[in-house]
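The letters A, B, C and D name the chains in turn, as written, and every chain counts its residues from 1.
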Amino acid sequence: MTRILVVYASDYGNTKKMAEVIAAGVETVPGAEPVLRAAETVSAEDLLTSDGIIFGSPVHMGSMDWRIKKLIDSLCGGMWMKNSLVGKVGAVFATGSGHGHAGSGAELTLLSMLNNFAELGMVIVPLPKSTPGYAQSGLQWGAWSQSADENLKPIGLSDAGLVAARHHGANVARVAEALKGKTLFAG
Amino acid sequence: MTRILVVYASDYGNTKKMAEVIAAGVETVPGAEPVLRAAETVSAEDLLTSDGIIFGSPVHMGSMDWRIKKLIDSLCGGMWMKNSLVGKVGAVFATGSGHGHAGSGAELTLLSMLNNFAELGMVIVPLPKSTPGYAQSGLQWGAWSQSADENLKPIGLSDAGLVAARHHGANVARVAEALKGKTLFAG
Amino acid sequence: MTRILVVYASDYGNTKKMAEVIAAGVETVPGAEPVLRAAETVSAEDLLTSDGIIFGSPVHMGSMDWRIKKLIDSLCGGMWMKNSLVGKVGAVFATGSGHGHAGSGAELTLLSMLNNFAELGMVIVPLPKSTPGYAQSGLQWGAWSQSADENLKPIGLSDAGLVAARHHGANVARVAEALKGKTLFAG
Amino acid sequence: MTRILVVYASDYGNTKKMAEVIAAGVETVPGAEPVLRAAETVSAEDLLTSDGIIFGSPVHMGSMDWRIKKLIDSLCGGMWMKNSLVGKVGAVFATGSGHGHAGSGAELTLLSMLNNFAELGMVIVPLPKSTPGYAQSGLQWGAWSQSADENLKPIGLSDAGLVAARHHGANVARVAEALKGKTLFAG
């Protein structure tokens, strides 16, 4: 079994819903199994037993929700010390408003989570432009869906964003499957 | 006179047009004067005699156009060595497609230009959310306007993006005016 | 009085000490007054009544300590909605290890905090290369000091890093003083 | 054969030397073959026929050398349009000074190159902390070696940096080998 941990912080349920769709995408890959967790409930065991890890957050002032950051500081820092997650696969997703129509901080939000995976020595899976749904709702660093309009009015997630998210989950599962059990990194 | 240098690289004229609008914004501030230059034509004199400097670029694969980068490598590197631009004011702008509706790399593009200004010890002027036009077309790091739709079809610049750009120019001129001639930095 | 709020999160006292030195730097500027706060104790009042705001954090997996992020999510998000801090001055600092001798994530850590200030429409003060102490201990986005060696052994802060930090505080106070009370931003 | 393209821009030969060492690391992996190119000489064929691509640059004002950027704008932009490189493997490296002892812009330099690979839908290989040489010379986003001291005096590359670089090349070759020929991405 290729285990993909999908972690989210969610304020109004949008990021949680996107996490569920990504988990459903993981399930479409034969031999892959998603594990879905709110950030506050993630255990060291969850991280250590996964082949791939996906973190998702609403965009909050251009970076990840503090609950994701608390998880990173609490659990990932120690795993960095011990090189515990080297060679696993990492990916990210986010939800945010359409205020400004330029991502409103989505790019650095995704990157602030990816930086944790890079530090941990994990192989990073971006969102290819060829992903269905991407043209309407996506960013190179990961899946993204608008959850509020340009005036910050909640509008729910877009279908296109959810289609891309579903594929993102499947992509990560396939890459994790391909790399699983291989000794890729020196050291 | 408070001199604001507005530098652009442009492929199809959109970023040039945005630069012209920013320059027009500078002109609305009493005592401020814009100097407009294509990246290839900027001289050391242009940079050294300005109180504020604004760089703009189309979004190209998540970073600035190579012509802006060549200017930075050719002229700004040496000025960094000599601390020639410390205390001046810097700001940025970009144009890009609506592909993905999440900025499609605009954030790191703006940041790749701002990093040059930070290295040079320049005070950075962002684009406040309160700027007219921002809700329809803007990003925290600087002015941004869509120039192509989600399918990459050229659509010209949006009115909102140009309104925000005009204010961006005026904002930079006012900050440069306020800081001009003051000894702000130790060293 | 020009009020500069200096906020820190600290694990072993290094970032707190650096905050104290920055606050002492603020005090060297006539008419400037520092307010020193641990992240958990910052009030809305603290932010709203300051002319300049400086955030500092240890480098944790390439981004800010979760306590700084919690403060941002809890207080700054709402102030973004109301444009409450537009035109104030922002700056950052960090402490981290010498592991890798390449900053070990300091750059994105500083940037993750600056992004909050950019979103809030605040003018950003970098650390100029000409700052005393910078050559031994500094980064363009803000003050930085090593607090552990390349093997992660604690070594305390460097003298050079503290010298640069002190100047950073004074620089921010001078820029805040110069911009205070002026209407700089349209909107 | 797993083909790994190693591309560099170099001013004084340091980044070229690092590229050669990375290429030598690729050669240590059975079935892997490096192709070494200066940025100005890279052809579309070079990119299209590779299984993995590694870009390296000196740190220039916090971003990549303009010659790397010109290559990206000239060749990679069109390949992004056609999804030509989706699923290939990407990685980066840099050389820079020890000025400030905090990477002096190395992190965003590496990231400005990685952003291109993310846009292209390429799987990204970071530099794990467990890599030999990393503690003395490395960064999470890729291999890094100091080429000048804190006073900007040239000192050549460090042995540790070259050891890490060699392993980086081998790591990338192994990941590319593992992913080669697999259909990983939807679309």
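FYI, a residue touches a chain if its C-beta (ideal position, glycine included) is under 8 Å from a C-beta of that chain, and two chains touch if they have at least 3 such contacts.
Note that the coordinates shown come from a computational prediction; the quantities given were computed from them, not determined experimentally.
Touching chain B and chain C together: A, D.
Farthest chain from chain A (centres taken as the mean of C-alpha atoms): B. The best fit of Cα atoms from chain A onto chain D calls for a rotation angle of 180°, in steps of 5. Distance between chain centres (mean CA atoms), chain A to chain D: 24 Å. Note on chain placement: the centre of chain A and the centre of chain B lie 32 Å apart, centres being C-alpha means. In this assembly, the C-alpha centroid of chain B lies 29 Å from the C-alpha centroid of chain D. Along chain B, residues 62, 80, 105, 108, 111, 115, 118-120, 129, 134, 140 each make contact with two or more other chains. Residue ranges on chain C touching chain B, taken from their complex, read 80, 83, 86-87, 111, 115, 117-132, 134, 140-141, 167, 170-171, 174-175, 178-179, 182-187.
The part of chain A that touches chain B in the complex is made up of residues 62, 96, 98-108, 111, 129, 134-140, 144, 146, 150-151. On chain A, the positions that touch chain C within their shared complex are 60-66, 69-70, 72-74, 76-77, 80-81, 105, 108, 111-112, 115-116, 118-120, 152.
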